[in-house]
Amino acid sequence: MYFHVQRLINDIEADEPDPAAANALQEGLGGQFGEMRTMMQYLFQSMNFRGPAGKPYRDLIQGIGTEEISHVELIGTTISRLLDGSPRYNGEKTDPLDTPGAGGATPLNLALDQGNIHHYLVAAQGALPVDSAGNPWSGSYVYNSGNLVLDLLYNLMLEATGRLQKCRIYEMTNNKTARSTIAYLIVRDQAHENGYAKALESLGVNWNTLLPIPKTNAERFPEVKKLTDLGLQSKQYTFDLAAQSEAGRIFQGMSPSKDGTNLVADEQAPQGVPSTIAEERFEEFSPGLDADLLALIQASAEIEMAEVSQTYGPVAPTS
Amino acid sequence: MYFHVQRLINDIEADEPDPAAANALQEGLGGQFGEMRTMMQYLFQSMNFRGPAGKPYRDLIQGIGTEEISHVELIGTTISRLLDGSPRYNGEKTDPLDTPGAGGATPLNLALDQGNIHHYLVAAQGALPVDSAGNPWSGSYVYNSGNLVLDLLYNLMLEATGRLQKCRIYEMTNNKTARSTIAYLIVRDQAHENGYAKALESLGVNWNTLLPIPKTNAERFPEVKKLTDLGLQSKQYTFDLAAQSEAGRIFQGMSPSKDGTNLVADEQAPQGVPSTIAEERFEEFSPGLDADLLALIQASAEIEMAEVSQTYGPVAPTS
Amino acid sequence: MYFHVQRLINDIEADEPDPAAANALQEGLGGQFGEMRTMMQYLFQSMNFRGPAGKPYRDLIQGIGTEEISHVELIGTTISRLLDGSPRYNGEKTDPLDTPGAGGATPLNLALDQGNIHHYLVAAQGALPVDSAGNPWSGSYVYNSGNLVLDLLYNLMLEATGRLQKCRIYEMTNNKTARSTIAYLIVRDQAHENGYAKALESLGVNWNTLLPIPKTNAERFPEVKKLTDLGLQSKQYTFDLAAQSEAGRIFQGMSPSKDGTNLVADEQAPQGVPSTIAEERFEEFSPGLDADLLALIQASAEIEMAEVSQTYGPVAPTS
Amino acid sequence: MYFHVQRLINDIEADEPDPAAANALQEGLGGQFGEMRTMMQYLFQSMNFRGPAGKPYRDLIQGIGTEEISHVELIGTTISRLLDGSPRYNGEKTDPLDTPGAGGATPLNLALDQGNIHHYLVAAQGALPVDSAGNPWSGSYVYNSGNLVLDLLYNLMLEATGRLQKCRIYEMTNNKTARSTIAYLIVRDQAHENGYAKALESLGVNWNTLLPIPKTNAERFPEVKKLTDLGLQSKQYTFDLAAQSEAGRIFQGMSPSKDGTNLVADEQAPQGVPSTIAEERFEEFSPGLDADLLALIQASAEIEMAEVSQTYGPVAPTS
Amino acid sequence: MYFHVQRLINDIEADEPDPAAANALQEGLGGQFGEMRTMMQYLFQSMNFRGPAGKPYRDLIQGIGTEEISHVELIGTTISRLLDGSPRYNGEKTDPLDTPGAGGATPLNLALDQGNIHHYLVAAQGALPVDSAGNPWSGSYVYNSGNLVLDLLYNLMLEATGRLQKCRIYEMTNNKTARSTIAYLIVRDQAHENGYAKALESLGVNWNTLLPIPKTNAERFPEVKKLTDLGLQSKQYTFDLAAQSEAGRIFQGMSPSKDGTNLVADEQAPQGVPSTIAEERFEEFSPGLDADLLALIQASAEIEMAEVSQTYGPVAPTS
Amino acid sequence: MYFHVQRLINDIEADEPDPAAANALQEGLGGQFGEMRTMMQYLFQSMNFRGPAGKPYRDLIQGIGTEEISHVELIGTTISRLLDGSPRYNGEKTDPLDTPGAGGATPLNLALDQGNIHHYLVAAQGALPVDSAGNPWSGSYVYNSGNLVLDLLYNLMLEATGRLQKCRIYEMTNNKTARSTIAYLIVRDQAHENGYAKALESLGVNWNTLLPIPKTNAERFPEVKKLTDLGLQSKQYTFDLAAQSEAGRIFQGMSPSKDGTNLVADEQAPQGVPSTIAEERFEEFSPGLDADLLALIQASAEIEMAEVSQTYGPVAPTS
């Protein structure tokens, strides 16, 4: 069973809209090696897992899988912010937004030569479940052979490929909004890479100096370095509300990346930051309410809410 | 940010393996109107939501969306159980499983005339991210126009179609494992249908006697009736760890289904039941460990785990 | 601009339901060489046609394309009839249909081992826009190179392949409902094959004895022979309401099939037969109206209709 | 059975070629909410319709479905015109077209940075059965649950989404060729939205002020306003040659859009305008005939045509 | 540059037709982990290879890739043989084949309940480029990250998964035709697994007892044991006509499978067996020639052939 | 069985990188009428061929099919070269490549507005198995009806369409690297067109002046003219190592293109040119080895290779 808290797993830095960067990030969301894929792959591997003796392995996969849902939320929101208000992109400061189409205006004409016109035509300046070339995410991506060693090997390769692609995206844009999320995911992918590599070490493999893949020097990527200096590449959260996860039996000891750190899995979750709701975009008819409908919405907002009876979760971290 | 607890949202009744029923249930998992679709659609609608005034609507969608992840987990596990051990299906009691292929044996020969041979050839008797006709789930299913009224209308139609298809699946099998999950999801789909219908009522629509769609009498479906007698079709959980959801502003008052109940949203989550890990299946080489590898796994199970520092979630409900 | 008359282009013989035959016919509807494909391909070739001098060729393509829409209607309705009421298929005369799911009944259990479970789970015993293996129809099938010779060559090959596949379907079933439509389409495909072959003859090609493809003796297929005896393989209708089509400039003279007939294009359309509306299927919740909704429908049926002002079409042929 | 007349359902205004606008319009042709989809969806819903009592509903769907074929023809032709001759796009007045590739010339070099290179490489400056992001149209788009209420609800949502997307396309371009068709389709989509909304009203729903979706003021879109001033959003044609359609029992009374008009369905079809055939494009080898082949074509044009015997349709409106 | 010799890489044992086994084998041909995929993946990895220092690795990939084309040929031919003549399958000894459809006969009626009806309707009892669930092979399967370590890791996983699936297929059928090819491919997949594992060993990895994956005892599979007794799992051919391959620098030394063998790469290619051409199938209209066309073919067979000037390849091994 | 020699079938001229041209060429590699399609189609037609009397036809198809693998290798390598080093494209001479991402650099920023961002993000400046609009190659493209006449007709149309599209690509770019390969393939496509046309002539068809399609004058395309002056459009190689091909029985006599040449099939293969391995691209982490891993690779390069025992192929032509 899954729960949610209205916080993003990491902060998204503010910057100008950047539809080209947004489209590159789509690979990290809906691409073959993006977050929707890892999320779904680990969910299926967890549901179909065989062999009670392997619970620590199942719990490792399940915990990383739960984190991936928050990564989908993070990168999806990032893409949304990069697109939001982009008709004013490139310093075009006159604001055509308030009166969409007024007198035959064309506030959305920038859409015609962007990476994916669907960002404007279909998704109202929001994220899409597609990759950076516009291919919809497909269930055929999910790998779950049922063979534990193969599943671990695939997951290691999957995380490393995701990290490789994000390093390439990093080199495509210096938009701060894009980079704050990319850098975070590069580091978390390495943490997951470490997790699966360690699981294979527990089955006898000695990686020697092969890891991490790709071989990157964090120093080249200042935004990444800040996070590895904090050791985020060697930490795994459980995201488990009842402390039943045994992932920590695997995620411990010397990092397979041989960066001098030890793996630790002694926290439930990162702190995160509060999430917010985006502004109206009239030129997209989104949310597209007129005065009458808005008044009705206001009315429902004034209704007294019932007290919710809770089992999980104190209020503290959300303040 | 998302969290997990190692409990299923509803109990799955035990019964014989039934690969044909398993395949029918795939529609409810990976079909165009199945749980993967609702989960992803509501996740995208939440990330891309516009208009801070509409927070109660966003929270309604987000809360239902969180529940859908648990539905994916529930129906995926149900399919997995219906397939598990199915070479012994149909009373074939001699056990060919222990020695796969021994002397040229064919323990998997039943796979050749099942609904989806991939259940055995690819997924090791587990669930797949495909529909009942074998089509992989596609990102092109996700609808998120950014227009609030359209999104709500679509969601209403989506839940009603999901429920319609599950009523048809109900009529295809009387396997108890299959039906315990189908009946639960029929009732929860109606709760979600009520939620979106109510949201549209708050914008002025009067549904009169049109709902629920389809018009079904719970009395015909004994397993469904048990749950509607408990009022499960009129309840919505927040699944929100910090009690910030305002979905209750909408999900309240007389049910749009006009069944004499009132909608209530005053609980965080259902109790659920502990989840378990499936047995080895040697004929699938799953998990496929030999004695040496098993010994290594045992070793890691004996490592002392670190104490996890928790922010959310007491231990009580998991016992 | 297109018009419709509530008549089927050919009669569909009555017989028992036959879901396996229905599924085979899906290839002729939604397959790569089926009627949806020919309909769309010719529609695109007509819209994109270049070269005013080539009007007779455009008109030939456009006229055949219009006929293909009626073929989609014909084969779709045939599939629908083959599926309709199929829970009573195979002489299972007890009627489970009136009370779907009553007390946990399984009237749709036959769906589990049919060619395409979607016929019951998704389409309420109706036709689907997919092929006989369940693949959805794809826009990538449409061929329109813009090069006249290539387009004609492709169309000839397309019609011949469609006819080849229908000959194979003929050999798969002797259900009369299925065969009445298959036989009709085999003959009409040959007429179209003749049309495109003739168009290429007008550009200099001499086919000698190569046609028709496949080389079939109508005598082997009694239902086909009845129609070729009437010369239906050598006739092309214009389906043009204003007699502007110049297709007859091409579709004339000795048949390229060398069967002793001449091609003729001197009629607007066949007579056709009145179409009817299928019965309710309660087990499918289709149309799924309860007494209240039915009463409302009755009410609208009693409203006096406005007189329609007509430009095209006398009433005579519809009586 | 279907018929055709060589007239377009609405006039297409002349303007410069505009490949970017052409690509945006592809969404309205081959997109998930475009005209190919509505056409096919209503065709399937008509063929598979259940319940003779619901004939007025079937006839409404079938009539709109017939209109959609003409919309496919209209928007396809519009795209074709926007692409036609586009190597001279942007005032590049030197004419590279007459001698494609002569001496190694590159008349098609503009294709490299257009929205969809296939417009030049595959389709010879013509329309494609794909959306604006290049995805081929898919049969999986078609929705036909067999449940009348759900099908109507979906159709309402479908028309509103189509209209929403066309409003966005309107804001992307001010090319007159593109806008004349977009504006027409915005208004016709609203007519269809009104039709399905009215059908649901006849089943008891009161929409209050919710419609139309999206909430747009025609005043903002001058080209749209011209058509709504004529009441085109409140009119539905039967396109039925034998006056058997009962759609008028539903399509009558006060418009659900509450714009002060009444719905009327008392005409068979709009007048339309004659359609024409596009010019040769040598650089595309389309139609690609040399002098010899052209002479042969001329020959066939001189053949005397047979007199066509007609049942439907006077000559008058085509003059 | 590639060359062909009219010999199959391994012998296919004769047995009865078996369409169910044929369909299972489709996974090994057109499945996500089948031979078309390995062939294409290694072809792309070879073309796009970076780093002249890595030539031995490129040559290893290229040599295995060349072998995979012969595997496509082998498994495709095997499927073709399993389907060929299958209307007589299951001992139905009366021969309906000579007179397809005669008097309305249904020689192809078995097609209706087979794994893939396309084997009869589309492919004339031949192999298809699809998997065992009917999904067409997709270019999106090909993995080529450009990162050498990742590509090797993926290839190792790919070969192991292919072998895992073939072990499962082995357990589904005991048809000798099917098994002779499956057993051969199980052993060759292990040879390739050894090759990629060895390449990673050369980069420092110590696999300890992890390999092979899956852990299978050849003794269980008699047909496999025969081949491993010959050491076929530890041999790699170059398939290189000019002896330029440096794959042998990697494919040497102790087998990573730790089965006591050493890897050897000192042969150009296996001997193979002559390939033959299948018989006519009249019920499929394949090849579908009548007496006239057959006479024309005979004529061309009598033409004297030109002497071919050869650069590569003596005649000896083909006798 | 297939063999390889490390030579390209034709030389690729050197020129500047040109990612736009690279993307256009993708149509010729992974497009519906590209080399992957012809290669696979002929491979399947060869494996499934029926009728021993038709061996010359099978051998013609098989020989052309073998050539197509070398065409895939040629065009794939060409695309790879056009992309290689393209961050320095357009004269941007400062070299950002050595230190990817250093200090937050963006050497890959050109990727954001190229035809297919995947060339940089996924494929490390290499070729992809997709078309020019980014659609992955699909097994559904392969046509193999089993009917000899239809398969030949389709193949003729396929080669002509491939050639038509390549003529259009020629007109899109004058990059010499792109054109050297395009021109070669235009000419070879015509040779294949001649082969299939001749095969149909042997069955009685008289093409008169219809061929070649498209009607192009080689004089317009200087790079093409050079090759037709050498008669390359009228030559077919066997690529058969044991001289068993009977394709020469068909591929002889007057060319169906009526260009005054005779068809000849008396050579095994063209000479070709040696192939090379591309340089490292640090910004792509390809191959992504650090000093340690590189040292290990060096070590394996120093191992003494075993002597390969050869059956086919002398060393001469590779020098």
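Quick notes on this structure:
As written, the chain order gives the labels A, B, C, D, E and F, with residue 1 at the start of each chain.
In the analysis below, contacts are C-beta pairs under 8 Å (C-beta built on N, C-alpha and C of every residue); 3 or more make two chains touch, one makes a residue touch a chain.
Here the structure is a predicted model, which means the values were calculated and not measured.
Path length between chain B and chain E in the chain contact graph, taken as the least number of steps between touching chains: 1. Here chain E and chain F face each other with the same set of residues for the most part; over half of the interface numbers are shared between them.
One of E-F, A-E or B-E repeats the interface of D-F: more than half of the contact pairs, counted by residue number, are shared by B-E.
One inter-chain figure worth recording: chain C and chain F are separated by 40 Å, centre to centre, where each centre is the mean of the chain's CA atoms.
Chain C and chain D have Cα centroids separated by 23 Å. In chain A, 32, 122, 130, 134-136, 138, 140, 145, 147, 149-150, 164, 203-204, 209-210, 213-214, 284-285, 288-289, 292-293 are the positions where the chain touches two or more neighbouring chains simultaneously. In terms of inter-chain touching, the protein chains here follow a pattern that is not a line, ring, star or complete graph. The list of touching chain pairs reads A-B, A-D, A-E, A-F, B-C, B-D, B-E, C-D, C-E, C-F, D-F, E-F. Residues 32, 135, 138, 140, 145, 147, 149-150, 153-154, 156-157, 160-161, 164, 200, 203-210, 213-214 of chain E are the ones touching chain A in the complex. Residue ranges of chain A in contact with chain F, taken from their complex: 20-21, 23-24, 27, 31-32, 115, 131-135, 164-165, 167-174, 179, 209-210, 213-216, 220-223.
Across the interface of their complex, chain B is touched by residues 99-109, 111-113, 116-118, 120-122, 130, 134, 136, 283-285, 288-290, 292-293 of chain C. Residues of chain C that touch chain D in their complex: 1-9, 30, 36, 40, 43-44, 47-58, 62-63, 66, 69-70, 72-73, 76-77, 80, 122-130, 136-140, 142, 144-150, 202-204, 238-246, 248-250, 252, 264-270, 272, 276-281, 284-289, 292-294, 296-301, 303, 305-318.
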